[in-house]
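This report refers to the structure that appears directly beneath it.
To keep things simple, chains are lettered A, B, C and D as they appear, and every chain counts its residues starting from 1.
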Amino acid sequence: MRKGKVISLALNFDQHGPQGAKSKYPALGRINPLHTMLRTGTDAYSGVLDKRGIRAADDMVVMPLQCGTQWDGLGHVFYENFMWNGYDCREVTSAGAQKCGIEKTKNRMVGRGVLLDVPRVLGMDILPDGHAITGAELDKTAAAQKVELRKGDFIIVRTGQMEAKLAAGSWDGYPGGDAPGFSFETLEWIQRTQLAALASDTWGCEVRPNESEAGINQPWHWITIPIMGMTMGEIFYVKELAEDCAADKVYEFLFVAPALPITGAVGSPTNPLAIK
Amino acid sequence: MRKGKVISLALNFDQHGPQGAKSKYPALGRINPLHTMLRTGTDAYSGVLDKRGIRAADDMVVMPLQCGTQWDGLGHVFYENFMWNGYDCREVTSAGAQKCGIEKTKNRMVGRGVLLDVPRVLGMDILPDGHAITGAELDKTAAAQKVELRKGDFIIVRTGQMEAKLAAGSWDGYPGGDAPGFSFETLEWIQRTQLAALASDTWGCEVRPNESEAGINQPWHWITIPIMGMTMGEIFYVKELAEDCAADKVYEFLFVAPALPITGAVGSPTNPLAIK
Amino acid sequence: MRKGKVISLALNFDQHGPQGAKSKYPALGRINPLHTMLRTGTDAYSGVLDKRGIRAADDMVVMPLQCGTQWDGLGHVFYENFMWNGYDCREVTSAGAQKCGIEKTKNRMVGRGVLLDVPRVLGMDILPDGHAITGAELDKTAAAQKVELRKGDFIIVRTGQMEAKLAAGSWDGYPGGDAPGFSFETLEWIQRTQLAALASDTWGCEVRPNESEAGINQPWHWITIPIMGMTMGEIFYVKELAEDCAADKVYEFLFVAPALPITGAVGSPTNPLAIK
Amino acid sequence: MRKGKVISLALNFDQHGPQGAKSKYPALGRINPLHTMLRTGTDAYSGVLDKRGIRAADDMVVMPLQCGTQWDGLGHVFYENFMWNGYDCREVTSAGAQKCGIEKTKNRMVGRGVLLDVPRVLGMDILPDGHAITGAELDKTAAAQKVELRKGDFIIVRTGQMEAKLAAGSWDGYPGGDAPGFSFETLEWIQRTQLAALASDTWGCEVRPNESEAGINQPWHWITIPIMGMTMGEIFYVKELAEDCAADKVYEFLFVAPALPITGAVGSPTNPLAIK
C-alpha cells in the first residue's frame, strides 16, 4: 500500500448484470440478483412502522452465487467422480458441499495482487473473442509492466471483453459465449508461478470456443479446479484498476477479496478490493 | 500489517444463524440464509450433467441482508421522514434505495481497525445484558489496551454476548432481546472520535432494554444512522480476534470489510477481515 | 358438468413464461418462476439420502405472484389513496395486505364459467393489438354462442393474443406491450352483468395502448379493482377450452380456480379448471 | 353438489405454518413461505409510483413446495433407484423432474371426494400419536358414515392431529414427529378401493413412529408413491369440512384440488376445495 487508494473490482449486483443475456449456453437457473425490500422508507413515510418505535428499512436478495463477480470454490467443478483433493463428488449434494465449501476460504483471500493487462501490452484495445492467452503472453505482459510474479500472488488478467460489453450496453454473448481467455497450455504456467488464485473479466476465464474436442466443455476448468485446486475469479470488473495501473505504472497492490462464508457453498459473490 | 495473520469476523451464513431464535421482537421477514443448489456433485455422479460436457455444481442463496454479520447502510434507519444528508425517506421504496444504497460504500470499508475489548478491561468474561457501555468505558478500554483512537478508525467493540450464545448452543434472546451495548451518551464519543464505522458482536449494537421512553425503539440508531451518517456493523464474530489481541497485545490492524455492492440495498452481509 | 372433461387454463409455471420478454414497460421485479430442488433423485442414486431412511425429492419456488396465470386480488390496485371498500392503501405495506388479502378468496373462486370467444364470433383468428373490446361485442359474442350471461358468472374472454405469442415462440411485446383487451366502456357492461370475475388471455386484460391521456396507465384497472371490487384473471391459457367449446357448442362450464391462500398477498398464481 | 357450499382444505400459506417447529427430524430446507412485496400501498401513498401512471402493489413468494397443504407428486419418493412406472430416479435432477412432474396432473385433481372421519366414528376427539389406522377402521368409518367408496375417489382422512396443534397454538412435534396415520397394511386397502388419491391432516399421512425396522423411514411412502403411483395429500385442513359433514351427514362432495403446474416439480402447494 502506497497511496491509500482502494479500487473495487466488483460489478454492482443488480438486474443489469450479465445473466439473461443471449447465449448459446443455457444458464440452468442463473438469474441476475433479485433484490427486494422487507421494509421501506415509504412504509416509514406512511406511518405504518411507528408501532414498532423505529423507522427502518430492511431488504433481502435472491442470488445465484455465480451470477456476478464471484469466486469459484473448489467444489464447483469435478473431474469424473472427484473434486479437489480426491474427495468424492457425492460430497456436494442438494444440502451443499460437505467438503471444499467456500466458507473454508473465509480468511484466505488476502495477498499480493498483480494485474496483467494483456491487451495493453499487446497493443490492442481488447482481446478478440477466441484469443487464447498463452503463458508466454502472460510472462511478456509481466515483463513489459515491470512487475515480478511471486508464489502466492493473486493474478488478475484483463482481456477487455467486459468493457466492450458495458460500452455496447448489452451483455449478449457474454455468459457462455465466445470470449478471449486462458489457453489450455496456461496450466503449466499456473503450476510454475504457484499463484494463489487467478481471475479475469470474462464469464469463465477460459478461451471460448474451447480448445477441446466435441463434448468437452471448459477443459481448462476440468484441470484447474479439481486437479490443481486453484480458486478462480470470474466476471471481475478491472477497467478502473487497469487505468490506474497504466497511469502510475504500478501493477501490484494489496488484494483483499473475501468470499461470503456461506456454509457449503461452491462459490461466492465477492467485492474484490485492490488497495494501492 | 505485521505478522500476516488474517482473522475473519464473520459468522458463517447458514441455517445455524441467529434468525428464528426466540425473541420478543418480531423479525419481519428476517430468516437465516437459505442456501440451495442449482447443480450438484450427485448430479455429476449420476451422469446427468455429461451432456453439457462439464461436471459442475452451482448454487444460490435467499438471504435477508440483515440476517447475519452485516453492515447497516445509511438507508437503513430514518429520522422522521428523512435519512442521512436530509434525503427524503421516500427515496427508499420497494424498488430499493435511490439514495444511500450500500453500493456507494463499494471501495470505502478499508482502514485502520481497532478492537476495544471492554469486558476484558473491566475484568469480566462478558458484559451482562442491559450493560450500557459509556464513552468513558471505551476510552478506559483503549487506554488499558495502549491503543490510540484516530480519526477514520473502524472500531470493533466486544461485549462477549455472542460468545455466550454460541457457548450455550442457542441464540434465544439474541435477535432483538436484551443485550449489552452502546449507551445513548456514546453519541458524543462517536462525534469526538470521528470514527469511520462502529461494529459490535450483538444483534443491534445498542444497549437493550433501550434508554428511552416507551414507544421509542433503538434511540441511538435514530441518531447514529440518519443524523450522524455512521455506518454500523452488527453480529460481528470477534472471539478469535479478541484472543489474538489479548495474546500479542496489539489491538490495531488493517480492517477490510467490503459490502456486496447490491444496488439500492440498505445493508449488506460482509466477511470483515482483520489483517495483523 | 355433462361430459366430465376437465380443462386447465394455466400456463405451466417455468422459465418459459412471459416475464423477461422485451417490453417497453419495466417489470419491477417480475421474473419467471425459479424452481429449484432441495433433494433430488440424483442424491438418491448417489446414496447420500440413505442415512435418512428414505429416498425422496423436495423442491421450492421463487415466484412473483403476478408472473403467470394469476388472479389480481383486491389489494392489487389503488385509486388515489384507497383500495376497494374504501380501505386506506397504507393497509398494503411491506408486510403484505392487512385488508383484501387474496386468502379472503379461499373458498370463493367457484361458479358457473362462460367463455366468450370474441375473435371467433367476429370472424378473426385473433384480435389485433389495440382492438378495444366493447360491451356490444361481448353481448354479440354471447348471443352468437347461444349462451346466457348470469349474475355471478366467471367470464373468460379470449382474444387469441397468447396463442399468437406461443405460436411465434416468443413472448416479446406480451408483458406490458400493445394488446387487444377490454375497452374502458366495458365498465358499464361489467356493472350490468354483475359478473363474479373476469379473465382473459392477455397480460393485463385491458386494451393497450390504453384509452387514456398521458400519465394514466391502465385506467380500466383504476376502476375495476378498487372501485368496483372485481377480481381479475390474467395470462389465462384458453386455447384448449376455446377449441372444445367450438367443437361441442357448449360455452358454459363449472369453473374452479382457487387462489393459493398466501396470507396478505395481493394476487395469486392459479390453475383454473373448466369442468364441462 | 347439492347445497352450493365451498369449503377450503388449505391452511393459509404464511409464517405461521408448521415448518420450523421443534422436530427430531431435520427439515432439509423446508421453511414456511416467505411472502414479500415488490410494490406496496405505502409506495402508492408516498407518491413514488405515480410516474408509472398506476398505483399498484405486487408481491412474490419463496416457498418450498412441501411446506404446507400440498400434493406429493409421483417424483417425490423413490424405491431404490426407481420412481413410479419404473422411471430411473436420475430423471429427477437439480433441474427438476423430467418424468412425473406435477404439471402432468394439471387437469387431473378433480373427482368425487369422500371424508372419512375416523376419530368421530371411533368415538374419540382425535386419534393419538402412534395410532395406526387400519383398512378395517377405514371401512368401518365409511359404513358408519353411510358413504360408499368408489373407484377413482379422492379420500380425505381426518385424524384430528392438526386441530390439536392449532388449538395448542404450537406446531411443535408436527413436522416429522409422532402422529396418527395410515398403517402399512392399508396398502392392501388402497389397492382394493382403487382410489384416485389419499390425503390427511398430518405432516406425512403415515403413522409415526413408523411400522418398520431401524433405518427405514416412512415405509408406506416407499410403496404408495413409487410402486403404486398414488398421489398423496398432506397437511390438509379438514376441521371445517368434518364439522359440515357431521352436521348434514353427507360425507361426499365434489373435490377440486388443482396443483400449480410448476414444470418439473415433485409436489405442489394446493388449495383443495370440497364443493357440497
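Basically, contacts are C-beta pairs under 8 Å (C-beta built on N, C-alpha and C of every residue); 3 or more make two chains touch, one makes a residue touch a chain.
As the structure is a prediction and not an experimental result, all values here were calculated from the model.
By number of C-beta pairs in contact, C-D leads when A-D and C-D are compared.
Of all residue numbers used at the contact between chain A and chain B, over half are used by both chains, marking a mostly same-residue interface.
Centroids built from CA atoms put chain C at 41 Å from chain A. One simple way to say how far apart two chains are is to compare their mean CA positions; for chain C and chain D this gives 25 Å. For this pair, chain A with chain D, the centres built from the Cα atoms lie 44 Å apart.
Among the residues of chain D, those touching two or more other chains are numbered 28-29, 36-43, 45-46, 48, 60, 62, 90, 93-95.
If you check the complex, the residues on chain A that touch chain B are 6-8, 10-14, 16, 28-30, 33, 35-42, 44-45, 52-66, 75-81, 83, 88-97, 103, 106-108, 110, 215-218, 221-222, 256, 258-267, 269-273, 275. Here chain D touches chain A in the complex through residues 28-29, 36-38, 40-43, 45-46, 48, 60, 62, 94-95, going by the rule given at the top.
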